[in-house]
Each structure stands twice: as C-alpha cells, then as structure tokens.
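Handing you a structure now.
A, B, C, D and E label the chains in the order they appear, each numbered from 1.
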Amino acid sequence: MSDYFVEIDNVDLAYNEDDESLAVQGLNLNIRQGEFVAVVGPSGCGKSTLLKLVTGLKPPTRGSVTVDGKHVAGTLSFVGMAFQNPTLLPWRNTLRNIMLPLEIVEPHRGNLRSQKAAYLERARQLLRTVGLGAHEAKHPWELSGGMQQRANLCRALIHDPRLLMLDEPFGALDAFTREELWCVLAELRREKKLTVVLVTHDLREAVFLADTVHVMSSRPGRIVHSRHVDLPRPRALDVCYEPAFVEIVHELRGHIERVRCVDTFGGIDDSVA
Amino acid sequence: KTPVRFTLDWRFEGPIAPYLLAEAKGYFADEGLNVTIDSGSGSAGAVNRVATGAYDVGFADINAMIEFNVNNPDQALKAVFMVYDHPPFAIFAKKESGIATPTDLAGKTLGAPVFDSPRKTFSAFTAATGLDEASVTWMSMDPPLREPMLLRGQVDAISGFYFTSLLNLDNLGIPADDLVVFRYADYGVQLYGNAIVVSPQMLAQPEVVKGFLRAVTKGWADTLQDPAAAIAYVRQRDGLIDVDLELRRLNLAIETSVATESAKANGIGAVDEERLAKAIDEVVHAFNLPSTPAPEAIFDSSFLPEKEARMIF
Amino acid sequence: MILSRKNLERYSPLIVTIIMFAAWEAVARLARIPSYILPPPSEAMMAGYEFAGPITTHALQTLYTTLAGFALAVIFGMLVGVIIGSSKLLYRAFYPILIGFNSVPKVALVPLLVIWFGIGTTPAIITAFLISFFPVVVNVATGLATIEPELEDVLRVLGASKATILLKVGIPNSLPYFFASLKIAITLAFVGSVISETVASNAGIGYLMMSASSRFNVPLVFAGLIVIAAMGIGMYALFAALENRTTSWAFRR
Amino acid sequence: MILSRKNLERYSPLIVTIIMFAAWEAVARLARIPSYILPPPSEAMMAGYEFAGPITTHALQTLYTTLAGFALAVIFGMLVGVIIGSSKLLYRAFYPILIGFNSVPKVALVPLLVIWFGIGTTPAIITAFLISFFPVVVNVATGLATIEPELEDVLRVLGASKATILLKVGIPNSLPYFFASLKIAITLAFVGSVISETVASNAGIGYLMMSASSRFNVPLVFAGLIVIAAMGIGMYALFAALENRTTSWAFRR
Amino acid sequence: MSDYFVEIDNVDLAYNEDDESLAVQGLNLNIRQGEFVAVVGPSGCGKSTLLKLVTGLKPPTRGSVTVDGKHVAGTLSFVGMAFQNPTLLPWRNTLRNIMLPLEIVEPHRGNLRSQKAAYLERARQLLRTVGLGAHEAKHPWELSGGMQQRANLCRALIHDPRLLMLDEPFGALDAFTREELWCVLAELRREKKLTVVLVTHDLREAVFLADTVHVMSSRPGRIVHSRHVDLPRPRALDVCYEPAFVEIVHELRGHIERVRCVDTFGGIDDSVA
C-alpha cells in the first residue's frame, strides 16, 4: 500500500458519454495524508472536475481514483466540500444550512438530537468566526455574495471532515476578510491535521496556504507542474512580502502563463482552432 | 318541415322500437315533421328535458310529470298519448328468500335508485296491499346495480320496471321461475305508466302534435304487427343491442303494459277519465303533493288520432 | 368606503364571491330563468336554510369520506410519486399505466366497489382516494425529477443515501408543487365521494342532491352544490395556511 | 432471455401492462368472480373484438370531444393561470372561487348544459373543458409564482415589460410543471367527456358503457374502459415526446 | 440641471419593510456621463445593493436616485448589468443566453428578425473575445464557474448599453484571463464612451480601470472615501508596477482596513455587538 491518502492515476473524464472531448485527460495527482494542496490553472481547465473526481461525485471515464487506500466508487462520507457556487438550500436559513452536514454524517447524525445545544453553539461559533454571527436567521437570498460564500465555507467545515475540498472559497471576499480567513483555515488545518485541496486563482493565497501547488494545463486538464512550498509554518501574513514567497508566486505565474500560451490555439482564442 | 326534438326515457331498447320505426319509415316525415330522437337517462329526467325546453316531446313517466306540474304550475306539461296503460312497476324478490306476498316485505331491505318510479309510488302499492310503508328500508343505488345486489343478497328485494329487471335477472342467471314478482297493476294500483308528454309551447301547435301522434300510432301498429321487424330499427340505431333480448323485452312490454284490456277496448293512447283521477290521487298521496291537479290539466286527449286508427291490436 | 391595498387583498375573496352571487342572482331573475333550470342563489340558500338539519348531517358524512379518501391519496400519492420520481426505469414503466387508469371515469368503478364493500362509507372513501391520488403522484414525481443536480451534489458529497437526499432536498424542493397538487387533489376528492354517493348511498351530499333532483327540488340541489364548494374552500384555506408556513421561501417576492 | 438495461427501460411499460392484465385474468378466473362483477380481461377483449365496429365509432367521438375540451382547457387554463400567478391580489381573490367551483362534481352541471346546448357533442366538450381546466391553472400559477426573483431581475434590468418577463422566464421556468398539469388534465378531460356522454349523448364511449351496463354486458363495459385507458396513454405518449423536446434541460441527470 | 449622469442623493434602503436595519444609509454618489467608477468595500457592505438602486431594481426607502436627469422609478432600458452570481437561464444555451438582451431592448428587438445573421455574428464575436468561442452550444450547467462568469459579462455587453454595471465580473477568473479582459473592457469603454460602474474586491483592478474609486463603509453602507485616479489613459498593464499606481492601491487598502476596523464592533465580529 502506498502512503498517499489520495491517488489519482491516469484519469480521463468525459462529461458526455458520446462526446469524445475530455474535460481532464491523463490526470495524475497524489496527496499525502495531512497535506495541504493547492490547484491553480486557467479558467475551464478542469479544477472543479478534479474535486468532483476525488470526492466520487463523478466516476472517472478511464483510470482510477483511490482515497484512503480504497477505490472510489460512489461518494465518501468524510469529506467536507465548499462548491464553487455557494449552493445553499433556499428553504433553510443560514444556521440550518450550516447544520445540514450534521444531519447526515455520522457520528453527528446520531448525536444531533441528544447534543443539540452543543452542536448549535458550535455552528454559531463557526458563523461568528467568518463574521456571520448576526445573520444566522437570514435565508440565503438575503445574504450578499460574499456572505453566501462564507456560509458555504462553514458548511464544509462544521462536521470535522478529514478531507477538505475548497473550490475558490474566497473569490467573492475583500482582501482583508480573505486574509483573515486564510489564517483561520491554516490554524484549523494545523489543529485538526486536515488534508486540504484548495482550488484558487489567487497565487498568493495558494502559496501562503499550501504545502504543494499544482498547476493544471488548459482543457483537457492535467497537472503540468507541481511546486513544493517550503516556507516554514506557522506562516504569518507578513510572509507574503518575503522574497522567497514572492519568488514562488512569480515562478507559478510564469507556469500558468506558459500553459495559457499553448492555449492560444485551444483556449482563449479557441475559435481559431 | 317542422323540427321536433323528441327525448326518450332511457337507452335505445326494445320498447322504444315504434318511435325509431316511425322515424325510419318516414311516418314523421309524412306528417311534415323532422323528428330527432335522443336517448334519455331516466323517465323523470325526460320530464325535465321537456320542461326546460331542451326537447319538445318526451316519452316519460306520467307520475313524474304530475309531480313536476304541481311544483311548477307555470311550465305545466301535458300528456297527450298514453303508452303504458298499466305501469310496468314491480317489486322483485328471490323465491328462496321466503317472500311470497307483499306483506312479507315488512322489515326487509329494498334497493332502487331514489328517482325510480316504482320506488317513488311505493305507497300506492302499500295502500293497495296493506303493507306498512314504514316497515321497509330503502337502499339507494344506480339502476344497473340493483339486480346484482339482489342476486348477491345485499338487498332482499328491488323495485323496477317489470320488463327491465325481469330480463336483467334472467340475464344474470335467475330465471323468472326463481323469482317472486309483485306487479303494481295486479294489486289494483290505478297508476298509469309512460306517456308521450309535450311542452306548453308544443300545445300551441295542435297540428304538429296531432301529426306526431298519428305517426306514433302507425309506428305502434307496425310494431304490434311484427315486433321482430321493429327491433331491426333499434339495431339500426344502436349497433350494440342484443336483438333477441330486446325482442323479448318488447314483447313483455306489449304483453304487460301496452296491450291491456282497456287499451284493446279504447284503442292505444287513450285514458279513462275516472281512473286517471284516481291515479292522480294516488300520486298526490304518494309524493305528498300540496295540491291535486284536475285530470284535464294532466292529459289532453284532443290530439289523439281517431279511435279507429288507434284500434291496432 | 375606500379600501387600503392590504384590506383589499384580505377581503378580495369575499368581494369576488359576493359579486359572483349577485351576478348569478341578477341573471337568474332578469332573464327569468325558471328555478327548475337554474335557481337564483337566494332560492338555493333558502332551500338550504329550510333543510339545514339534513344538509348538515349529509355534509358531515361527505366531509368524512372525502377527508379519509384524501388522506389515503396524499400518503400513497407521495409514496408512489417518490418511487416513480426517483427512478427513471420505474417512471417509464408505471407512468403509462397510471395515466391509463386515470383516464377511466371512476364512476364506472363504483358499482364494483359497492358490490365488494356494500353500500355506504367505504366505496365513497375509495372513490375519493382513487380520483385524487394521481395529481399528487404527478407533481411529486415531477418535483423530484427536476431537482437541480447541484443541490443534490451538496448532499451526495457528504455520503448521503438516496433516501436522505430525498428527505432533505427532494421533498422541500418539490413542496410548492406538492401543495399545488393538494389543491387539485382535495377538489377531486370531493368530486369522488359525492359521485360515489350519487351512485349508491343513503347518506352524503351526493345522496341529498340525487334525492332532491328526483323530487324536482332544484334549489336544494344547488344548495348541496354550494355546500360542497364551501367545504372545498374551507379545506383550501387550511392548506393555504400550511403552505404559507412551510414554503414561503419559494414565493418570496 | 436477458434484457439489457436499455431494452428493459424501453419495454418496461409493455411488460408492466402485460403483467397487470395477467394478474387481473388470474384473479378473475381463480377467485371465480362472476363476469357481471369483474370480467377477466380476455372476456373484455373478446367483447371489444365482437363490437369492434361500434367501439371504433364511439371511441372516435369521445376522442374528438375530449381533445376539443382539453384544447380549450389548456388555452384558458394557461390564460387564467398566468393572470392569477402574476398578481398576488388576483391570486387571493380568485383562487378560493376556483377551488369551490372545482369541488363541485361536474356531472351535476351536465343537465344544465343539455338544456342550453342540447344533447350530444357540445355538453361533452364543455364538461371535458370544465373538469380539466383547473389543474392547468394551478400548476401554471404555481410555476409563475415561484420564479426565482434573480432570474426575473435579469430581464427587469433590461427594462422588460411584465409580459416579456412572463414569456422569457415565467413560461420556460414553469414548463415542467405545465407538462405535469397536462398529464393530469388529459386524463380528466377523458373522464369529463365520458361522464357527460353517460348522462346525455347518443354516442361516445360513455354512451356505449352506459348502454352496455344497462344490459349487463359488463365485459363490453370493461372493453370501453380499456379503450379509454388506451387513448389516454396514447395522448400521454404524445406529450411525453413534446416534453422531451422542450424541457430536457430541467430533467438533466 | 446638474451635469451628473447618475445622482444618488442621500439614499437609505431597508430590504424588509418591517426591519429597521438598513442595507445602505445616507448614500451619496454622483457619476458623470462617460465616467468609469469603481466601488470597493468589505463583504456585505451594500455594493450590490448600490447597483440595484441605480438600475431601479430596488426603489430606495428614502432619498432619490436620478439617472440621465430622470428620477428612477421602475427599471431603465439602456443598462447592461452583470450580476454577481451568473444568473444564466438554464433552458438556453450559451449563445441564446447572450442573445437575450437583443430580444428585449430596442432597437435590437425590432431589428433582430431582419438582421439575425449580423446579430448572431456579433454574439459569436463577443464570445470569442472572452474565450468561449467553442462553447456557444453548451448549456449553463456545462460551463465551469469562470466560463459562466464570462458568459454573464457578454450578456451585459451585447446590446451596447450606455450604462454598464458590473458586479465582480472577474472574480472567478485566473490572473491572465482577468488582465486580458481588463484590457478588453477598457478598450470597449473608450470606443463606446460608456459610463461604467464596477464593483470589485481587487484594488489593482479598480485602480487600473477606474477614473474614480469609491470606498464603502461596512453595513449600513455609505461612501466614506472617493479617490480620483489620475493615471493617464490608455493604460497598459505595466502601469500596475508604477509607483504612482502602487501608491493609490496602498492608500485605498488603508481606507478599507480602517472601514473594517470600525467594523470590528459590527462586522466580522458582529456577534459581540
């Protein structure tokens, strides 16, 4: 048995059975238990698809995905996922949306009735952490875009998942809120020893948080470059201004630019192809 | 040609052969009439259809018409041609039930639709037989349900038209021999049965009514001559009917309700003034009506063809 | 008297009802429609008043059979709707049969029911059930079949079972349409029980109407119709209140 | 013979139908239910074969009245649904009346229709219309009342009129439920026309059934029922095809 | 008559009639014809609300909004708006989603039938510009998050609106796609002399594109600082590395930080209040 927690082995995925064009092709990615991985790449390259593959939401068309030593068939039950679009349930208010995973995932599901008060307090605490303490009774459509995104993040965290999948969780937040939440996330991860996969467009965010940053090619997506971030932990926000940090960001930037350049024949100007 | 809308009391069955025959053979056309004949959903319903002006003429239960007239004097209809001189009203029970005389019905359960004429005039029957009207219990059900309900013992007896229920029961496997049948006419009930009734608007056109009745009389004459041939016209109109069954039904109707002693004596279509008055009294009593109409208000014999023409038996 | 918008909204059903009755009364009187064709509502009301006692008894009987049949329809309708709505195979397999069954007028089946269960309450309940069951099935099934996969994924990623997804997403998502189907179903349930009563029963508004019409008491027939309509509206008010409490999220505007 | 999943799906309605008929046949024969109560389907089929000619004529008549009434129901149902669904005031004002009206069994109104329109085609069309109109109203109104305001805003910001919003967002958004309501409505339209034919007509499957039942030709009654069911399923197949073409987006899965 | 194109005069907005807490309070903002305005501020402060006020989607609870000299009552018909959540219509494919405004706004609505081909070409051209040329037949759910956002942007532009409202239009895009679209937008605006209101969290984006950057306070939102950006136009992407640019970004950053500090008693940690 390998010592990887997540293993993606030469995976292809076609969204439409009949459609030959693949969303990801020849995807290989290994993630160690407790590792914090960031995935970056041009828009539409297959980052969200990657997350769906790991969590079992989409079965691979070819290749295999293994999580925790087991072949992924169907979905797992120790995953927390923040989707790219905050898909909050419109008939639940914010607090009850956050509580949803507790109603589904064991052991919380069984304990929920007896320890209602404790769980409620935990949810409220989490809401406070992201600055939504005063908004727990609001329905999703009464929240601003950034507030929805924060609620979405809370929902991914509430049930203490072992594997955390975050799809651009801070995209709609202002710089300060965002940086604050970086620190919250880093701390949480250290405490609970979470394995995290973070999809983001913000290279600084990727480098600040991750142990390894993977760069994906444009569609059909595959990993074209992986960069280990060897900055010491815990990292303070000041690290962003250190030359080593800036250099990594710069290096990654270069990789993405190259990926997109190839892309000029298949991506941004794909009409030409 | 004058259009005349004619509603029957029920589906296209044997006993209405004369009208279909008259239409098919052009007897109505000969009188300058363009008659359309529609099936009905009950002899009381037929009264309503004529009263509302939806139809000009109906083949309907005269008792229901009397009731309607008392309740709605401004739209009072008139009967102009009596067809069922004896009402086909009857009570049926299975022999095995031990019911042998009308008084045995006391304490029993009877089944029939609420609008069933025999049921509605039941008190005339009880008055004639000495049965206590309050001692029976009625169960209400759609017409086609009553025979199966009797068969399965869910009711002890049913009321209905003699020639309908008898054949229905026969059809279901109870021959007439296994039944006890009390026909109202056999117990001295004076009631009349179905008649041709017309709306007040029609009465204003005596020639039309007269012509209509002439044609009807001819139709009956042909039918009495050769019932089997008459049934063919029913079959022509409704391809679904069972010719043998309808022929039996027609013959039963003729035997028990149409070709009665008094009809043979006075010709088809006529009524006896005295008996009519008694019949009206019976109806008034049975339906608990607030007033008693005069016989002239119920039946108008002035449109009938000459007696010779009506002596067709 | 000038009504505020809010009061106008509150009393609008009443106002419309009154206008409708007034129009009916006017037409019936001015056109001199005889009361054995279409009695003016005032006459129907008077007949209703005159026979208030029997009407109440019969109405309660009808209400009872209707509600019993309706309750069965909701329970089984949801069950079948859930089964059909969550499996494409079962959807394809059973939908046509259901459609075929529902195209058949239930009156035709009442005689069967009467022969099996005897005259009275049971056939009425079953008829009400049979007639009102289908709309619930259709709307629940449609509600489930049109869930956005994105919402479903939220639960799937947590390892939720099909049943859980149904409970947490499917049902709430189709709730507005479930209520819409209840509104259709309750009216049909009334129709079903009344029809069954007209075919074979000694009690209920259906029997009352049948009996009144056989005595040419058309105003009483209409009184019966009005009573049914009123009961239907009463039941609707109940659902509307329930709907307001549970699905206001869907009607936010 | 092993069926692939795809073939299983394709033939499943047929398989279920056959199983159902087989079960019916078995029950009717084994329990020796007399055929005047519940004839086995084979007898019904034979009766149907025997009277194939008249059945065809009557079935065409029923199909005609049903489709005419149904078409009216769809047109007016959409119209009223749109009106009621897009104004809260009108919703509140007219919903109760509609509910009341629909709780009333339409059979009770057929005699009135006969008086006004005579026996025959018109009352059947109107009854089919009256009975099938309400489900369309309810589902269209619900569909419109539950549009997500966000989608509406997309058009409002462009200065779109209410009518345009309806056309571009309201209607497409409620299309799946509109089709659901059509499925309910077509079955009710059949029920309506057949019922009207049993009360007042010389033609149509309703007349056929009535005529057959008054002669205790119960197998023929059931043959009539089977024919209605078959026509209902045929109409459903038509809508299902239409639905597939227009609303596949809502059923993506 | 004033020479402002958009005038927001002391506006309050409460989302719930009964609810006393206002989303924006005492909001004042004037925009000149042809001006490019950026609005920044902490998450949930009322930026999206501001856009809804200007376009007439929400009537102000108090105060008045004037656009083009006319009091705003109901919606306008010369506005292009890209909502924060890409609200594409699920029953239309990407191309037909883009075409939607043409079916509604005059004069296009009237011409659409006769000049179908020209309009289609225009829509396709626009899709190519944002890199979606090959995806016109896809339905919204077949697009990645960033692709949806780009389609959303196209829909706001297709009908040549005089007033363009963009609510975080580039939030889900990678740095390169984003910068490319900055240039597209700047060019378009120059060509058509558009008035643009851009809501963003990216201060570099705001400074690069805008003539004036307004900073909003946290909820209830109002403008607390307005900064004119006097960098010469046209601006190349290199401008981002110029000291003047960096300084403005830094200054704005300070303002937002201050806004959020006040906020510590009502915002991120509003549970304490």
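Annotations
Assume a residue touches a chain if its C-beta (ideal position, glycine included) is under 8 Å from a C-beta of that chain, and two chains touch if they have at least 3 such contacts.
Everything numeric here is computed off the predicted structure, so don't read it as measured data.
Summarising the inter-chain layout, the chain whose CA centre lies farthest from the centre of chain E is B. Ranked by separation of Cα centres from chain A, the top chain is B. One simple way to say how far apart two chains are is to compare their mean CA positions; for chain C and chain D this gives 16 Å.
Between chain D and chain E, the centres computed from C-alpha atoms are 49 Å apart.
Chain centres here are Cα means. That of chain B falls 39 Å from that of chain C.
Shown for chain A are the residues that touch two or more other chains, namely 85, 141. Chain C has residues 37, 111, 115, 149-150, 198, 250, 252 in contact with two or more other chains. Residues of chain B in contact with at least two other chains: 48, 52, 144, 148. On the chain A side of its complex with chain C, the touching residues are 52, 55-57, 75-79, 81, 83, 85, 87, 89-91, 100-101, 103-105, 139, 141, 155, 159, 165. Within the complex, the chain C residues that touch chain D are 5, 8-10, 12-13, 15-17, 20, 37-38, 88-89, 92-97, 99-108, 111-112, 115, 134-135, 138-139, 141-142, 145-146, 149, 176-177, 179-180, 183-184, 186-188, 190-191, 194-195, 198, 206, 209, 221, 225, 228-233, 236-237, 240, 250-253.
Here chain D touches chain E in the complex through residues 150-151, 153-160, 164, 168-169, 172-173, 175, 247, 249-250, 252, going by the rule given at the top. Partner chain E is touched in their complex by these residues of chain A: 15, 40-44, 46-48, 84-85, 124, 127-128, 131, 133-134, 142-147, 150, 167-168, 171-178, 180, 201, 203, 253, 256-257, 260, 267-271, 273.
Of all residues in chain C, only 34, 36-37, 110-111, 114-115, 118-119, 198-202, 207, 210-211, 213-217 touch chain B in the complex they form.
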